[in-house]
Amino acid sequence: MTDWPDLAGRLEEGGHVLPVRVYYEDTDFTGIVYHGAYVRFFERGRTDFLRRVGIHHTELAEGTHGAALAFAVRSMTLEFQKPARIDDVLLVRTRLSSLKGARVKLDQVIHRGADLLVSATVTVAVITAQGRPTRLPPVLAEKLAGHASGETSVE
Amino acid sequence: MTDWPDLAGRLEEGGHVLPVRVYYEDTDFTGIVYHGAYVRFFERGRTDFLRRVGIHHTELAEGTHGAALAFAVRSMTLEFQKPARIDDVLLVRTRLSSLKGARVKLDQVIHRGADLLVSATVTVAVITAQGRPTRLPPVLAEKLAGHASGETSVE
Amino acid sequence: MTDWPDLAGRLEEGGHVLPVRVYYEDTDFTGIVYHGAYVRFFERGRTDFLRRVGIHHTELAEGTHGAALAFAVRSMTLEFQKPARIDDVLLVRTRLSSLKGARVKLDQVIHRGADLLVSATVTVAVITAQGRPTRLPPVLAEKLAGHASGETSVE
Amino acid sequence: MTDWPDLAGRLEEGGHVLPVRVYYEDTDFTGIVYHGAYVRFFERGRTDFLRRVGIHHTELAEGTHGAALAFAVRSMTLEFQKPARIDDVLLVRTRLSSLKGARVKLDQVIHRGADLLVSATVTVAVITAQGRPTRLPPVLAEKLAGHASGETSVE
């Protein structure tokens, strides 16, 4: 998509950053962003981190790398520090925390300017079309590991 | 689901009625229900109308009635009259307007008490797994037609 | 809402149970329920637990109990065990875990029949219209505490 | 937001274009984009068209241009032609169709490459904080009219 070079965010030292605009759909009647909206923002960040690294949902699903694979969220911890509001531009940052067999752990934060709004740790499993956990194919594991930060644990 | 007898709403003279509660997720920062939320409420109404008539998405998808089928929304007209708010109980009413070959037309309205909030006309196509329009199997067309109102046009 | 007696679920020994139907809007292209949808289901469960106990968002916001108050989610831990699918009927169970000053902790689980699908622990803060933490008014704290389970910690 | 120059799309001859990525959250179990998701995409397009023209929801709500104002969707017609899928990049185009007193009409289309996927006509009303229709302040009407296309009707 050369016309919109930043649409999938950018890789940066130790991870990935994605800008997300707050629209009507993300807010609730209390005037701030609905807490469930951040879960969607984090998912967009993870997806575009993988996209920038060269791992695509459609290729995984079509079995381009062997058996059909998918990522499934296994657990997630969220800390809500400050609220975002309509029209805000948020930055979703995603870092690989560890990569062990079928488990990928990621650290994610959402900032508005210098303010930390929400942080998350997310554990994602690599699964087959039948839902069984499986190792990430080595070619993809290498792509991910290549964007690990100093603190990333890879086995 | 005998434990929750009203979960899929009720068939009534000439159609179906489904109660829908307004939650945080449905509102936006202007303090009222986000206009896109009504599109979801109407879809719930159509789905539960079909469910009460005896037509299930999963059976259609699994080809219980011949080839695998699905419903796809082709067009929709929405009129927003009055806003709904958090905690409101809304009634989504769905009536079959016409049933012709691969096309099903439905009239839908959302009320809060006596107030009409939103109305919609929706055209849904019956499609095969390959996305081609196809006639609704006679056994299902009969089920639907059996709940037509006096103004319904069936061919 | 005498016409739809179960719309806000039911209080039960040690907490509250709410039935939730899975619709199109809750699923994603992998064929199962989108992980973010459970966050919405849990919020519906908490809201209807409060409603059944006699605590309403609108009354809080309007200052019926003194200053205008609201609940804000501070942290949330989610464990995804098994996937839900279209047409499923899920039961969202909510129990008060602890009630201390401005903090309310809740344990929540989602089952489909006997299967545990997702569990969550949620910390909610009582805040003023200015966003500052404040104690829940005693009359409301008593309502909540009255539905505590044996393991609930109340200070 | 100089760091992400395209985040709000671009003004173009006769209107505005916004790129939108399809994420998990936008799809449903049938494997394609949920029809209600396009309603959110169109709203993003309208909001960013107004933003690029120099009209901001927050300024309107705060009464920067006189009384506090908001836009409310009054009616919407949607035609679904072809489905979008996960990972697709869609272009949402928004054109002013007419501007008459309190009513703004917009034509919107969503393309994927050369394919037209969905089209919409949307009527939006300018309302006061009390929900009454009101004329758009002249300074804002001029901003909008300045980006009208040849077919736009302005009174």
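The letters A, B, C and D name the chains in turn, as written, and every chain counts its residues from 1.
One rule holds for everything that comes next: contacts are C-beta pairs under 8 Å (C-beta built on N, C-alpha and C of every residue); 3 or more make two chains touch, one makes a residue touch a chain.
Quick caveat: nothing in here was measured; it's all calculated off a predicted structure.
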{"item": "A-C or A-B, whichever has more C-beta pairs in contact", "value": "A-C"}
{"item": "Greatest separation from chain D - chain, by CA centre", "value": "C"}
{"item": "Intercentroid distance (Cα basis), chain C paired with chain A, Å", "value": "26"}
{"item": "Centre-to-centre distance between chain B and chain A (centres being mean Cα positions), rounded to whole Å", "value": "35"}
{"item": "Per-residue multi-chain contacts in chain C, two or more chains", "value": "24-25, 30, 36, 40, 43, 85-86"}
{"item": "Touching residues (chain side chain B, partner chain D) in the complex", "value": "30, 35-36, 39-40, 43, 61, 70, 72-80, 83, 131"}
{"item": "Residue ranges of chain C touching chain D (in the complex, touch as defined)", "value": "24-25, 27-32, 34, 36, 85-86"}
{"item": "Residues on chain B engaged by chain C in the complex (per definition of touch)", "value": "1, 3-8, 19, 21, 23-25, 40, 43-44, 47-48, 51, 56-58, 85-87, 89"}
